[in-house]
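The two complexes that follow have subunit A in common; it is paired with subunit B in the first and with subunit C in the second.
Now for the complex of A and B:
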């Protein structure tokens, strides 16, 4: 292993010198950025209404208007304590709506100040006249408990989350959550398909190119051509995958920041999803999801390397992981049990509200913590299988 | 120093490429002649540990072919091999030197020496994809010599070289046989006639001639024709 650094450097050089890798990474990053910017201004609502004469009229709230309204709402209520006076003020300012269209028109055309707060209380407010802060917190807690029951949590899990909820101070001090959170989480579904393809393109030749070009005859006749070379290739592959992920995910996140601003990551997650019992901020919710996405990409990279070592065929090593990732992304089972650790669940809307725990050595791990360990273990297992295939080739049994 | 080969066999589905070969090779140049398809390349790949024998054993001074210590003293130039086209000649040698366990300073010095030895010092920093076939072959020879091998296996090394380069290569190999076991496979008689210390001939996976060679002899071609019935390819 004395030349590991040199071998790693040359293996990385082989990958980085492939122009196709850069073309694909930059192209996909560009497409993602354009997609985010376009999505930020597209969409909208079609509202069916009637004019003064009672004739039906269709009006549109554009995506641009929605984005502007959401951004205008940023910071206007920040720092206010969500007590009786706060809710009273909201009820005085926001009229009662007869239908959802009126609500949309009000928040997106008239005043978006209470848009997020209204969304938080909408489902909890049974009677507008008797609504108080005490009722808000009590109902919120009650609904969270009901959600935990419906999720089939054990007594110990419920106890754990109740303790976690107690760490959240009430009354809340309002902090507007980052408005791009939902859009970013939605965009993860695209990244779950795109990232496996990008790493498959980058890594599909890693264990097949020497075989194709017959360079393996020279390589395998050398002293360090077993474990040291394998580890150097794997580390170079992981580095390349990390670089590609950084470009694509970094570009996507940067585009979201450009569209939705950079404020609101320190808002409690309850302002994003009021039923979430985790004592964390919006930023702390998104980071583990990004970590899981990166680890999923490494699993795809490890799988690509395994197929490359197994088949010595770059086309197969590119096609199989890409197709499997797409099929996996199209599969939408319930999030019960092990299925809750699917990438679609952990990096989707279900991730922050999946409250199942795993106890390891007396310590409870939540779905993100255990999911991270699970993904690392799967990647290690795939690398171990890849080593067996590689060793088989090196020993001349292939 | 001796390379011991005992009952070495390689069986493919319906073909026995190497059939119970037993040899003892010592320092010097060992020429291995045989027609295409005689089993030379299969034998050499097994001697390099990159092809697993069906039966038999290979050891160098008691060190088994599968061990790292065996590969540490091995130099191998395959008949047909690939390069990394975006690497420079120097990069290629430094990469192989790292694989052969040479320290960075030693690798740099050795790569410089070998580029000079094979007359590639002026193009060492150019990409391999700009090299001619002969230059690539010379680079292949240089990589085989990086670790000062005690066992050097060269398979059809003059294939694709022009007559001038073939002579230069033959002279290069001739100077290596003093402290090294050189096994040089070819089907071109003139490649080995004047430099070999020991001559081997192979046909249908078997060794049919195994004897010391007197370099002053001039009847190798005749001997070859007798053994292979005029079948030189």
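Now for the complex of A and C:
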């Protein structure tokens, strides 16, 4: 393993010198940033309205108005205890709406202070006059229990989550959740397709190029150097994949922070999704999702390297992961059993509310914890298979 | 142009002999056909209903059962005219036919899932309108509300545009006839997914069309005579068009056939308005499906054009495979607030807004709606891209 650093540096240089890799990574990062910034001000709602003469008209609540309203609401209620007085104040301030259009107009054109709280209680508030904080917490708990029943959780799993829920102090002290959370989680669906293609472009030639240029005859000349060379190639590949992920994911996250601000990561996740029984903050919910996205990218990188080592064909090594990633993104099975560990299920909106657990050596792991371990194991397995294929080609040449 | 047929056939054979393309297209086709069948969602919901004598029915209804009930209901009222009598039945069903205590939306849903699902679909159609309550809506309310919604959408349009849509609306037959249209509805819902895989199909099939000879160093031979360059280019492009049209047809055909086989072929001539209530297009849902599939076919051609262009200009198969795929993925999340953005595939193939889009394009004094202009635009772009390939091909010829 002497001069391993030189070998690694050489392999990394080979990857970094490929112009196409840089073009693709920078292009995608740029498009991600532009896309996020545009999405922050686009969209909106069409609402049915009447003009001053009483004629029916369609008006628009623009994306920019929605964003401004959400940002204006940030912090206005922070620190207030969500007790009867809090809800009473909300009921006094927010009028009763005859139809959804009136509600949208009020929150986005008049006052957005209670937008998030109203969204939280809307489904639980059957009767405005008798709505109390006690009812809010009781109904919330009942709905979470019903959700656990409907998810088919075992008795032990329900017990685990009930214990977790007990760690959440009630009454809640309100903190406005980061308004970009839903947008970022939505964006993961795009990253789940883009990242595999980006790493496939970067790594599709890693094992096939030596074969194409016939340099492998020299490379395989000594038996001792095979393992260090393989390791150098794999490490260079992982470094390249990590770089590409950092650029694309980092750019996307930075753009979201620029659009939606940096406040609200410390808000309890229940202010983002009231059914979620995890005693964590919005930031603690997003971090494991980002980690899993990065691990998924490594799996795709390892898979690309495996195909590259197996076929010695860069086109095949690029086409197969790209097609599989797109098909995987198009497939929407239910999140039961092992299917709950698909990238879409772990990094999608239902990731934080998937409550199935896995018991390993007497310790319960939630879907994010077990998912991370599983992804690392799959990546290691793929790298091991890659070594076998590499050895096979070495044997063919020797 | 002598022996052009031989040239064309030779180029076609080269493309058809690529195992990777075959495998990928077949995998994508099989996947689309597999996922086209109804999703076996897990989960469900508890429904509860109490009659006036105090007896309560409580039952957990799975998502699969819910879907089955809705389908049974749709079939039981297939062919009924949506007139006052029809809406009276919807009102009665929404009130539990006077037998059950119905106060909330959840109890209405419970009635449909636990007792009689016949009028669930029209109930849902009415409930979706913010200003209507299915328990009180008459036929007059329903059609008036629809008309008001349509008139609201005329806001900000010119008189000629309004006249265009009024003329279209006049051709929509009313009252509607309720039909079971699940099959066509599901094919239309699949259009967006199909539009995501078509760029992949094009890239995999055509990435090597101009660049492969460069890689194998056969280009020096092929480009040696200047007379043969144009027929060769034409043969390559025509072979590429043949392959991409066949592959696209295979993928969309497999998906549509799988859906219609599982959901039923009935309802081709049903009014499009049963799915897109506020659309003024005087076409049936079957015709809407054919139009969207036709647009997808043209989109396949456009993606083929992009792939061949990259292949011709970069002479690099990896770049020709990656670039169109990345470009198409990137467009999927571009959200531009301009009318032109409606023609991006991510919006044009989103059938819910695109089938009731009221924006028109004035082309040489004639108004075209978004679907008609979509055909013109995609067809025109495909031709331009294929023509541009000639420049790339010529450039590489000069290099030799």
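Criterion: the second predicted complex is superposed on the first by the 390 of 398 C-alpha atoms of A that agree within 3 Å, B and C clash if a C-alpha of one lies under 4 Å from a C-alpha of the other, contacts with A are read in each partner's own complex, and residues count from 1 in each chain.
Going forward, a contact is a pair of C-beta atoms (placed from the backbone, for glycine too) under 8 Å apart; a residue touches a chain by one contact, two chains touch by 3 or more.
Here the structure is a predicted model, which means the values were calculated and not measured.
Asks: Which partner chains sit in contact with A:229 here, subunit B, subunit C, both or neither? Use first/second/both/neither.
Replies: In the superposition, A:229 touches subunit B alone.
Asks: Looking at A:139, would you say it contacts subunit B, subunit C, both, or neither? Reply first, second, both or neither.
Replies: neither
Asks: Figure out whether A:7 sits in contact with subunit B (first) or subunit C (second), or with both, or with neither.
Replies: Once the two structures are laid over each other on A, A:7 reaches subunit B alone.
Asks: Does subunit B (first) or subunit C (second) touch A:221, or do both, or does neither?
Replies: first
Asks: Regarding the shared-chain residue A:263, is it in contact with subunit B (first), subunit C (second), both, or neither?
Replies: In the superposition, A:263 touches no partner, neither subunit B nor subunit C.
Asks: Touch check for A:284: first (subunit B), second (subunit C), both, or neither?
Replies: Neither partner.
Asks: Spot which of subunit B and subunit C makes contact with more residues of subunit A, would you?
Replies: Of subunit B and subunit C, the partner in contact with more residues of subunit A is C.
Asks: For A:205 in the superposed arrangement: first (subunit B), second (subunit C), both or neither?
Replies: A:205 contacts subunit C only, not subunit B.
Asks: What residues of subunit A sit close enough to touch subunit B in their complex?
Replies: Residues of subunit A touching subunit B: 2-3, 6-7, 10, 13-14, 17, 210, 212-226, 229, 394-397.
Asks: For subunit B, which residues count as touching subunit A in their complex?
Replies: Touching subunit A from subunit B are residues 45-46, 48-52, 66, 68, 71-72, 74, 76-78, 80-84, 86-87, 91, 94-96, 98-104, 140, 143, 147.
Asks: Touching subunit A in the complex: which residues of subunit C?
Replies: The contact residues of subunit C facing subunit A are 20, 24, 27-28, 31, 35, 39-46, 104, 130-131, 148-149, 151-153, 155, 193, 196-197, 200, 203-204, 207-208, 316-319, 321-322, 325-326, 329-330, 332-337.
Asks: Any idea which subunit A residues touch subunit C in the complex?
Replies: 20, 24, 27-28, 31, 35, 38-39, 41-43, 48-49, 56-58, 63, 99-101, 126, 146, 150-152, 187, 190, 193-194, 197-198, 200-201, 204-205, 314-316, 318-320, 322-323, 326-327, 329-336
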